[in-house]
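Chain lettering (A, B and C) follows the sequence in which the chains are written, and residue indices restart at 1 in each chain.
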Amino acid sequence: MTSADSMTVTAAEPMLPVPYRVTSRIAETRDSVTLRLEPAREPLPPFRPGQFAMLAVPAIGEAAISVSGGPASRDGALVHTVRAVGKVSRALHDAPVGTVLGARGPFGTTWDLPSAAGRDEVIVAGGVGLAPLRPVMLGVLAERGGYRRVLLVAGARTPAEFLFRGELDAWSGRADIEVELTVDQPAAGWDGPVGFVTEPLARLSLDPECTTAFLCGPDPMMRFSAQMLLRKGIPPGDIRLSLERNMQCGIGLCGHCQLGPILVCRDGPVVGYALAEPLLTIREL
Amino acid sequence: MHAVWLATVTAPGAADAVIFGREGLDRLVEVLIADDYQVIGPTVRDSAIVLDKLDSAAGLPAGWGVDTAPGRYRLRQREDAAVFANSAGPQSWKQFLHPPRRQLWSAGPDGEFRPAGPVSPRYAFLGVRGCDLAAIGILGRVLGRVAHPDGSFTRAWQGLFVVAVNCTEPGGVCFCASMGTGPAAGPGYDLALTEQIDASGHWFVAETGSEEGARLLAEIPCRPASAGEVASARTDVDAAAHRMGREMPAVDLRALIQDSMESPHWEDVANRCLTCANCTMVCPTCFCTTTEDVSDLTGEHAGRWQRWASCFEPDFSYMHGGGVRQSGASRYRQWFSHKLGTWHDQFGSSGCVGCGRCIAWCPVGIDITAEAARLAELAQQAQEERE
Amino acid sequence: MTGAARPLAAFPVFAQLPEAELELISSTARTVRFAARQRLFSEGHPAQGCWLIEDGRVALDMAVPGRGQVVLQTLGPGDVLGWSWLVPPYRWHYGATSVLPTTATELDTERLRALAEQDPRFGYTLVLTLFESVLQRLQATRARLLDLYGSPNDQR
């Protein structure tokens, strides 16, 4: 999770995208899709959980998208879940199979799963924040014996807006993972919990000595969830957040992603709660 | 500049200094041009002293001085023919090392991304003051010595030849002394000149700062400087340190700013600040950029360009449907707290060199040193109230 | 009254309560069980009873003409159900239905109110304790109001 992770120089021309082709699209919700991208030429170096790529749609623009896939596959494929919220993400979201996009990366700090080995892992996701956290779950499941309890608490706006629903169902069915899904607004046919993500979080009984928490979602959701974890005795040093800010370059040169003393692309997006807390509470920082 | 940043520059002593006359300066420019450098230096244009390509030293602003104050910059005719007796103009050297607009790549229908070719010639900067030399060094720490350097900047920076000038004529808005960047030029030059002009003549005390500097100096007719001549030049520069127009308060700015993020003072500035972004354009260390994607009508040929941006732009921090920093107060706070505070955290030094350009070119005359002093005052008051 | 199966102190809401107060409240407690889809109470009815859920799930709902029975919130293990017995008009503001088979500790709120009136200090402690739960529920509800997961493209 140190910025040393992002010190790997990825290319002689770090602003030059490398061509990647869309080889599959899975519609997750009404406005989110998971894209699988395969290198058209040489692959980029392997991406680790928590890192992001700058994905380019020529003539439209670039967006910073976290990886949402598992440990790097041998063919160098990239998996990203994109929500259509702006011009570039809409273009990425709509890109048909076969489209050649540009990719740059890997950039940013990682969730640093190895440092949490042997502990209880609490994954707290809000909305599309589940996407950057999926690699954490996949990383844990790839080596389940290396971790103690694994708990996933995921909130979504409505039942239809959960990402990765098939996988969520599969994980819920496993005896070795505890899954709590909750919605802000129920819909017909939903028998599950209704309430903000901090409510199932509050009901968990956690071991403060041996728990690492991974949080991702809108800033206020991460703040409220972190406060709930602190109330349960989890030390700030064991709470990790994935931050997001406007990014133009992804490599610490354009200045857009500044958040107080840090550059989110270089010192984040994954940061410890002790560092993040004062930054998230200053208005319009 | 060759290897200067990596090698230890020995402080030039009296033994290194030489003297050449006004015609020596002409010869210096000729020699640089003959050596395939594009010489950039100050010249008068549009009622200001701007930086531009020089074909000869005749283009230098001989006999021109400037009057500067918050929101004010005027040329005035001097009684002598000094060429460097004027403080910072509206532009800085960053426009050559970090151009306002440059192409990053182009892409054709074949799906290949091609990097744009290098744009900068080999530059020789003539007349770089201490503040601006420090600013070039700061840009080097921001864009050059990082995990992913800006290739275009690095190429221009590494090939640079710098003729610095030790300042003897500080301006009304200057505060380099309190920022530790002048009036004497710090390390990083190939040649440093101190202009001397009086009834007996017009000459320059020149010191070398690199092998390349020495090599070029050898082509100019000059004679060794006497100890007295060197001392006289030093005295003029030291005197300039005491004639600064203003000074930054001598407090731990980084800590002060960290404690002042919720200060009511930002609203006070916001009532005056137009968020016009002039300060970021004239500042020699502001480096922020934005990318722009363009294409032709067919959509088959696309390109990406990089242009200067400013944290004062409302959409600079755009995310999730709106800017994070929407109020003018938050945007001024961002610029100020970054320049004087969090720059330390991000790049290991202050971002301000005390050139005063932001004060002169602010249409409403906001003075960064006065704002810092006011913050310090408010913090002091709050401290007293607590006790 | 039979004692509660799970000690009261095991519920987060009462975790910080002194022994004496816990005993008083315990004296009003008994364990109850609901099958799935059982109506615990309805909106408008006299508010009697307070439940500390041990396991299962209860939904708070309200009838909205044209939308049917709308679920506002679900409660699970450790949560407190029912506060309207404490303040006038002592009527339920929502309905409550078990979603899953649910076990809970039920408190005799008539007795609790009587005890609180006799011993104002106990009453103050009780109310403060319940207030904390209300505050947490309110904060979570406000967080939902923020509609944080909505798209910037949605009308706001």
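The working rule: a residue touches a chain if its C-beta (ideal position, glycine included) is under 8 Å from a C-beta of that chain, and two chains touch if they have at least 3 such contacts.
Note that this is a predicted model, so its numbers are computed, not measured.
Judged by contacting C-beta pairs, the busier of the interfaces B-C and A-C is A-C. Closest to the middle of the protein, by Cα centroid, lies chain A. The mean-CA centres of subunit A and subunit B are about 40 angstrom from one another, to the nearest whole unit. If you average the CA atoms of subunit B and of subunit C, the two centres end up 65 Å from each other.
Averaged C-alpha coordinates give centres for subunit A and subunit C that are 35 Å from one another. Annotation for subunit B: residues touching 2 or more other chains are 320-321.
Residue positions of subunit C touching 2 or more other chains: 152-153.
Under the contact definition stated at the top, the residues of subunit A that touch 2 or more other chains are 85, 218. Touching subunit C in their complex are the following residues of subunit B: 320-322. Those residues of subunit C whose C-beta lies close enough to touch subunit B in the complex are 152-153. Interface residues of subunit A, counted against subunit B in their complex, comprise 6-10, 12-19, 40, 56, 58-62, 85, 100, 102, 218, 244-246, 248-249, 251-256, 258, 260-263, 266, 282-285.
Touching subunit A in their complex are the following residues of subunit B: 104-105, 107, 111-113, 115, 142-143, 146-148, 150-151, 261-262, 287-291, 293-295, 299, 302, 304, 306, 309, 311, 316-321, 324-327, 329-330, 334, 337-338, 341-342, 345-346. Those residues of subunit A that touch subunit C in the shared complex are 31, 83-86, 126-128, 155-157, 161, 184-186, 190-196, 198-200, 202-203, 217-218, 220-221, 224.
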